[in-house]
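Across the two complexes that follow, chain A remains constant while its partner is chain B and subsequently chain C.
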Partner chain A sequence: MNNKKWLILAWATSFCLILPALFLLAQSFAPDTELFDHLWETVLPDYIVNTLQLVSLVLIFSALFAIPVAWLVAMCDFPGKRYFQWLLMLPLAMPAYVVAYVYTDLFDFAGPIQRVLRALFQWDVAIGQHWFFEIRNVPGAAVMLALVLYPYLYLIARTAFLEQGAHLLQVSRSLGQSPWQSFKRVAVPLCRPAIVVGLVFIGAEALGDFATVHYFAVNTLTTAVYDSWLGHGSLSAAAKISILMLIGVMAILAVERWQRGRQRYYHKYTGQTALFHLSGWQAKGASAYCALLVFAGFILPALILLSYTLKSMSFNTDSQLGVVLLQTAWLAILAAVITTALAIIFSFTNRISRHASAALPSKLSSMSYMMPSTVLAIAVLIPMTLFEITLNDLWVWLGFDAPGLFLSGTVFALVFAFVVRFQAVANGTIESSFLAVSPSLDMAAKSMGKSNQQLLFSIHIPLIRKSISTAVLLVFIECMKELPAALLLRPFNFDTLATYVYQYVSDEQLEQAAFAAILIVLAGLYPVIRLTQTGERTT
Partner chain B sequence: MKKSGLTAVVLSILVSPVYAADKEVNIYSYRQPFLIEPITEEFTKETGIKVNILYSKKGIAEKLSREGKYSPADVVLTSDFNRLLEITKKGLTQANQDVVLTETIPTQYRDDNRHWFALTTRARAMYVSRDRVSDQQSLTYEQLGSPDFKGRVCIRSGKHPYNISLIASMVAHHGEAETKAWLTKLKGNLARKPQGNDRGQVKAIQEGVCDISLGNSYYFGKMLNNEEQKPWAAAVNLVFPNQIDRGTHVNISGMAMAMHAPNRAEAEQLMAYLSSDKAQVLYAQMNMEYPVNPAVEPSEMVKSWGEFEADALPLTETAKHRQTAYRLLDEVKFDL
Partner chain C sequence: MTTDSNIALQLDHISVSYQQKPVLDKLSLRIADNEIMCLLGQSGSGKTTALKAIAGLLPLLHGEIRLNGEVLSSAKHCVMPEQRGISIIFQDFALFPHMTVLENVCFGIKASAQVANEKAKALLALVKMSDYEPVYPSELSGGQQQRVAIARALATDPKVLLLDEPFSNVDHHLKEQLMLDIRKVLKQHHTPAIFVTHSKEEAFTFADKLAFMESGKVIQEGIAESLYFQPSSASLAESMGEGNWLKVEVTEDGLTKCPYLGTLPTSVPNDQQYSSTLRQFIRPNQLVLEANPTGNAEVIEQTFNGESRYYFVRLGKIELRVSTVSNNVSLPNGSLVDVTVLSHRAILFERT
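Moving on to the complex of A and B:
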C-alpha cells in the first residue's frame, strides 16, 4: 500500500471510532436553554468546583504516590526494591468502585475503625458531642481514585527515569547537587512530557468516573450529565455538558503544550544505571513508603474481599462464574488487540505520510476517552441503531426477513464500545514508542526499496514490540474493569465480571459478589505483572 | 492482527444468534435480576418459554427508543412508577388487552389504556430509633422539617427515584413553594449529607449518627433476614407516616409490554403469570413487598408490621410533579 492508501485506511477507521462522539455533538445542538439556565443558576457552579477539586486532588495524590516511588525504584537501591518494582503496579488491577466500597465499609462512622476509636476513647455517641471523620467527601474520593490510578503514572515515569540514564545525573552530582536536588532539578523536569502523559490518563479517568464519586456522594460534572439526561430527560443537555468537559480538557492540554514550548529532550540511553545506594533511615523510609502504597492500594482491599468471600461462602457456588470469567477475558483480549492494531495503523501512517492531516486520526480517536461511560454507550447506540434500522428496512423491502439488531444486540456493540473508549490508551502507548525509533532506519529501508508493509512488519513492529504488549495489557485490564458501557450494551443473559459484581454493589451487597470481584483482580494480576516485566527488558 | 480481530468479531456474531428457534420472551429490566430470576425460572418450568433478561439501572428507555421497531424487547420491568410512566409517555409501550390482568390487578394499579400495570406496592416508610424518638405513631413527612429533628435525620440522595416520587407527592399536596420550604428545612435537619442506600441510613441510626430516616418498607424484612444487618433493624421501628392525615406515600414496581414486542403471545403469557397468585406469592415472600393481586396476602412478617392507610392520591397525579421535584432539589442544593 502506498502512503495515500495508508492515510485513507487510518482516516476511515478513526472516522468509525469518532462517529459516536459526532452524533453526540449533533445532539448537543438541540435547544434546551431552559434546563441549562436552571442548572447554571442552581447546582452547576458547585459541580464545577467539586470536579476541579476532585481532579486536581487526584492528580496531586497520584503524583505524590507515583513519582517518588518511580524514582526510587528506577534510580535507587533499597531493601525489597526487586519486589516493589512490580508490587507497586498491583493496585491497577483493582476496580475503583470496589476499593471505594471496602474503604467506606472500613472507615465509615459505623465501620470498625471509628467504632474501635470510640470504644477506646469513650467518645460520647450523642450527636454533635464527638469527633468523627467523614470519608465520603471530595478528598476521600480523590484518595480512592489516586490509589488505583497512580500505577499509570508510576509505569510511565519509571520507564522515563530509566531511559534518562545516569549520565545526566552524574553530571548533576558532579556539579555539587544532592540526590534530592538532582531529582528535583534534573530528573523530574526532563521527564515532564512523560509525567504529563501519565497525568492526562489519570485526569481523564477521574473526570469520567461516576461509580466512585456516586458512592462517595460527591456531586461532579458527571452527576450533572446523568441528572440532565435521566432526571430532567434531556440527552442534549447531557451531551452539551459532556462536550464542554471535553473542551475544558483540551484547553488545559493546549496550555501545557504551549507552556512547554518547543523544548525537546533527546537522550541516548547508555545502559548503565548508577544507583544511589540508600542506607539507614533513608532505605527504611523508601521501603516503608512503597510498602504503604502497596498495602493501601492492593493488599488491604484484597484481604477485605477475601474475608467477605469467606463470610458468605454459600453465595459463591454460582457455576455461571466460570463462564462469565471466560467471556469477559475473551472480550477484553479482542478489544485490546483491535485497539493496539489500530493504534499502530494511526502512528505508522502519521510517520510515513507527509500530509498535514496524518496526525489527526490518532488524536481524534483518543477523544472519546473523556466521555462518561454511560453517555458513551448511548452515543455508540445512536449511529449503530440508525445503521441497523436502515439495513433492516432495506432487507424487508427486498423481500427478506429482517435480520434484527445484528450489531447492537450482540457482543459486537460491547467490543466496539470498548475500542472506542480505550483507543486513547493504546494510542498513547504506541505513539511514544514510534517516536523513539530513529527516522534514519526508515530512510535506510526506503533506500533499499522496501515497501511500507515491509518497513512496518520487519522494522517497526519488532522494534516497538514491548510497547505493543504494554498497550495490549493496559487495554485488557481496563476492559476487565469497565462497567457502565458494559451494563447497557451487553446482549441478553450476558454478564461480564464487572456487571456481575455491580448488580450486588448497587444493592450495597458486595459481600455476595466478593468472589467475582476477586476474579477481576486475579485476571488483572497477570497482565499487571507482565507490564512491569516488559518495562524491565528495556533496561 | 487486525484481520484476526475482525474475524473473531464476525465469528462471535455467528455463534451468538439474536433469535433462537425455541419459544422465548425478552425482558428489559430496571430491577436487579436476582430479584426476578426465581420467579422467571418458575415461569419457564411451567410454560417451557425461555426468559432472557437485560438488566440496567440506567438508559433502558433510551436504548428502547433507539432500537425502534427492531427492538428485541417484549416486556419492560421497572422498580418505580415514574420510569414506568416515562416509557409509556414516550410511546415505547403497547396496550395489553388480556382480560386476566383486569382480574388480578385492581383498577388503581393499572393504566386505563392498559399500557402499564403495577406488580407490587411498597410504602415510603420511616425508620425510627426505638429509644430516641417519642410519639412515633403520629409522625408525618412534614415533621422531618421541624426544629425537633435538628441534626437527627439521615437520608439517601434526594434524586433517587424513591425520594423523587415522595417529593413529587409533597408538591401535589402542598404546592411548590411550601415543598421548597420543607426541603430547605429538611436539609437543615440532616445529620450528614445525603449518601448511601435506604439500609445504610438504618445502620447509621443504630450507630447513633441520627435518629430517623426514610426507607422503603421491604428493607425492614430484608434486614431482619440478614445475619449482619439484623442488629440494625433491631435498633429501629418501622413507622408508616401520616396515618393521622392523608396516609403513607406508596410507590409501585411494574411492567409494560414493549411497543414492538416480537414475541407478543409469550409476553402476554409472562405478564399474566407475573400478576397471578403464584408469582405474587413469590413476590410477597421473597421481596417483602405488598402484592397488588387482592387474592394474595402479604407475607407473615410483612403482616406483623401492621396495616396502614395509603395516600389516596393517584400515582399519575404525583408523576406530574416529578420534574418540579427534581428542580426544587437543585434549587435547595439538597445533595450538596
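Moving on to the complex of A and C:
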C-alpha cells in the first residue's frame, strides 16, 4: 500500500469515528420537537439549573481539592510527599456511584455515624432535636463526583507546575513578591490553560454522569437524555438535549482560548527541585490535607467495600458474575484491539505521509474524548438507527425478512461507542511511542527497498510493542469501567461489570456486588500505576 | 578597588549543602559598590549555588552573608528572598510568558500603575526595547529577552543584581555588543552585580573582577590579567586558555630550564618557594617559530581559525602548541623550525 492509500484508509476510518458527532449535530435540527418542547415547558429548566449547579460545584470542589495538593507536591517538601504524589491519584480507580453509595450508607439517617451520634447525645428523633447534613442532594452528589474526579486536575496541574519550573517563581520572589503573591500572580495564571483543560474534562465527566445523580435522585440533563431515549424513544429530543450539554463544554474551551489571545504559556523546565521546605504546622497541615483526600476518595470507600465483601461472602458465589465478567472481558478486548489498531494506522500514516492533512485523522478521532459519554451514546445511536431503518425498508421492499436492529440492538453499538470514546487514549499512547522511534530508521529501511507494510510490521511494531500492549490494556480497563454508554447501549439482558454493579447500587444492595465493585477498582488501579511510573520518569 | 568602606556584599565562610552533598565550602567574597564580579569555574564548582544562596533561595549551613552591613543569611537567620532587594536573572531569563514586555518590567515595581508604567518605559528605553512594550516574550529573540530581563531586574532598584550564565542563550555575534551595553546600563545605575559563567571571554569582557571557583571554594580572585598571567592553580591556568606543560628546573639565575629548549627567558616569581621538580605552563602565543632548514623542531600539524594559526611542533620527545598571527606566511607540515620562548613571568607548579 502506498502513502496515498494509507492516507485514504486513515481518513476513512477517522470519518467513521466522527460520524456520530456529525449526525448528532444534524439530528438536533430535526423537526421532531414535540417531546423536547414538552420537556422544555415542564422539567427541563429545573434540570438545566440542577446541571449547572452540579457541574459548577463539582468544578469548585475539584479545584479546591486538586490545585493545592498539586502545588504542594510539585513545589514543596513535606513529610510523606514521595508517597502522596501517587496516593493522590488512587481515587481515579473508584467509581463515583460506589463512593456515593458508601457515603450514603455511612451518613444516612440509618447509617452508623448518625446512629452513634444519636446514642451518644440521646437525641430524640421524633421532636427533631438535631440537625445533620443531607447527603442526597446536589452538593452531596458534587462532593462525591469531585472526590473521584479531582485526580485528573491534580495530575494536569502538577505537571504544569513542575514544567513551569522554579526559576519563574524564584525571579518573582527576587522581585519582591511573597510566596502567596508569586503563586497568585505567576504560578496559577501560567497554569491556567492546563487547569482549564482539567476542569473541562472533569466538567464533561460530571455532565455525563448518570449513576451518581440518579442514585441521589438529582435530575440533570443526563436524566433528561435517558428519559427521552429509554422512556419515550425520542432520539431527536435526546440529541437536542445532548447538544445543549456539548455546547456547554465547547463554550468553556472557547472562552479560555479567546481570553488567552497571543499569550504563550509554555515554559518547559526540567531541573525541578522543591522550592519550599515546609516545617512545623505548615508541613503537618500539608500532609494532613493530602492524607484526608486519599482517605476520603479511596481508603475509606475501599475499606467499606472490603467489609461488604467479607460480610456477604455467600453472595459472591453468584454464577451470573462469572458470565458478566466473561462478556465484559471479550467486549473490552475487542474494543481495545480495534482502538489500538486504528491508533497505529493514524500514527503510521502521519509518519509516512508528507501530506499536510496526515495529522488530522488522529486529531479528529481524539475529539470525542471530551464528549460526555451519555451524549456520545446518543450520538452513536443516530447513524446506526438511520442505517438500520433504511436497510430494513430496503430488505422488505426487496421481499426479504427485515434484519431488525442488527447494529443498535447488538453489542456492535457498544463496541463502536467504546472505540469512539476511547480512541484518544490509544492515540496518545501510540503517537508518543512512534515519536520515540528515530526517523532515520524509516529512511534506512526504505533505502533497503522495504515497503510501507514491511516497515510497519518489521520495524515499527516490534519497536513499539510495549506501548501497543499498554494502549490495549488502558482501553480495556476504560471499557470495563464505562457505565453511562453501557447503560444506554447494552442489548437486552446483557450486562457489563459496571452495569451489573450499578444495578445493585440502584437497588441499594451494593453489598451483594461488592466483590464485582472491587474488581472494577482493582482494574482501575492499573492506569493509576502507569501514570505514576510515567510521572516519575518525567520528573 | 574593594576596601572595607565600600563593600556592598560580603560572604564570610559560607557553606551550603544540596541534597546532603556539600556544594559550597567556606566560600568568602567581597563585592564593592558599583563593581561587577564574575564567578568563573567549571560545571559543578558551586557558582550557581553561590548565587542562589545570596538570593536567599538556599539556606546556609555555616557562615554569613551581609548586604551593606546588614546580615541577610546565617545558619540561624534568613531574610526572605522578597525582602532582600536582590534581583536575579537566570540563564533562561525566566520572563513571565503570560505577560507582555511592559507587564514583565512593571511586575516588581511597588508604585501606582502610572508611576510603574513610566519607570518601566524608561528602563525599556535604556535597554533599547521601547518598541516591544506590547509584545509577549515568546515573540522576542534571545538577545531581546535578555534586555527585557535586565530592565525587569533593574526596575526594583536592586541593591545587588545576580546573573546566572546570562549570555549563554544569546547568539554569538550579538553577545559582545550586548555585554558592553548591559555593562554600561549597570554602571549607569550604580548597581553592583555578580555574574556566573564558565566562559573566560564573557568574564573578561563583562566583569571588573573575577573569582575562580573550584569544589565550592574561591581558588583565586582578582582582575582578568592577574588570573590569566598569574594563575594560582593548574586547573585555573588551563581554564584561562590552552597551553604547553614543560618539566623544568629553576636555575641559580632565577630562570627556568628544560630539556630541548635549554634555559628559558622566564623569570621565576621570587615571592614563592619551589622544589626542584616543577612544571611550567607556557601559552601558545608565548612561543615563536622561525623557519630553519637545520632547526631541531618539526611542524607536524596545523589548524587555522581566522585570527591565528596553530602549529603542532615536535621537539625531541615533546610536542608543543604554538600560535602565530594568521597573516604570517604558513609553514608547511614537515618543515624544520627553531622554537624560541618569549620573555615573561613563569607560571610554575609543583609536579604531582
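Note that in this section the second predicted complex is superposed on the first by the 336 of 539 C-alpha atoms of A that agree within 3 Å, B and C clash if a C-alpha of one lies under 4 Å from a C-alpha of the other, contacts with A are read in each partner's own complex, and residues count from 1 in each chain.
Heads up, the rule we're going with is that contacts are C-beta pairs under 8 Å (C-beta built on N, C-alpha and C of every residue); 3 or more make two chains touch, one makes a residue touch a chain.
All values reported here derive from a predicted model rather than from experimental measurement.
Look at A:190: by the touch rule set out above, it reaches chain C but stays clear of chain B. In the superposition on chain A, A:338 contacts chain B only, with no contact to chain C. Once the two complexes are laid over each other on the shared chain, residue contacts for A:469 go to neither chain B nor chain C. With both structures placed on the common chain, the touch criterion links A:168 to chain C but leaves chain B unconnected. Annotation for chain A, partner touching more residues between chain B and chain C: B. Applying the stated contact rule after C-alpha superposition, one finds that A:178 touches chain C and leaves chain B untouched. In the superposed model, A:282 makes contact with neither chain B nor chain C.
Applying the stated contact rule after C-alpha superposition, one finds that A:232 touches chain B and leaves chain C untouched. By the touch criterion given at the top, residues 52, 55-57, 80-90, 92, 94, 96-99, 107-108, 110, 136-139, 152-153, 155-156, 158, 162 of chain C touch chain A in their complex. Put simply, chain B touches chain A in their complex at residues 1-2, 4-6, 8-9, 12-13, 16, 18-19, 26, 32-34, 52-60, 62-63, 66-72, 86, 151-152, 157, 159, 164, 191-197, 199-200, 203-204, 206-210, 228, 323, 326-327, 330-331, 333, 335-336.
By the touch rule above, chain A contacts chain B in their complex via residues 38-39, 42-43, 46, 109-110, 115, 125-128, 134, 136, 216-217, 219, 226-227, 229-233, 235, 334, 337-338, 340-342, 344-345, 374, 377-378, 381-382, 385, 388-389, 392, 402-406, 408-412, 415, 484, 487-488, 490-493, 503, 506-508, 511. Within the complex formed with chain C, the residues of chain A that make contact are 165, 167-168, 170-178, 185-186, 189-190, 192, 262-267, 269.
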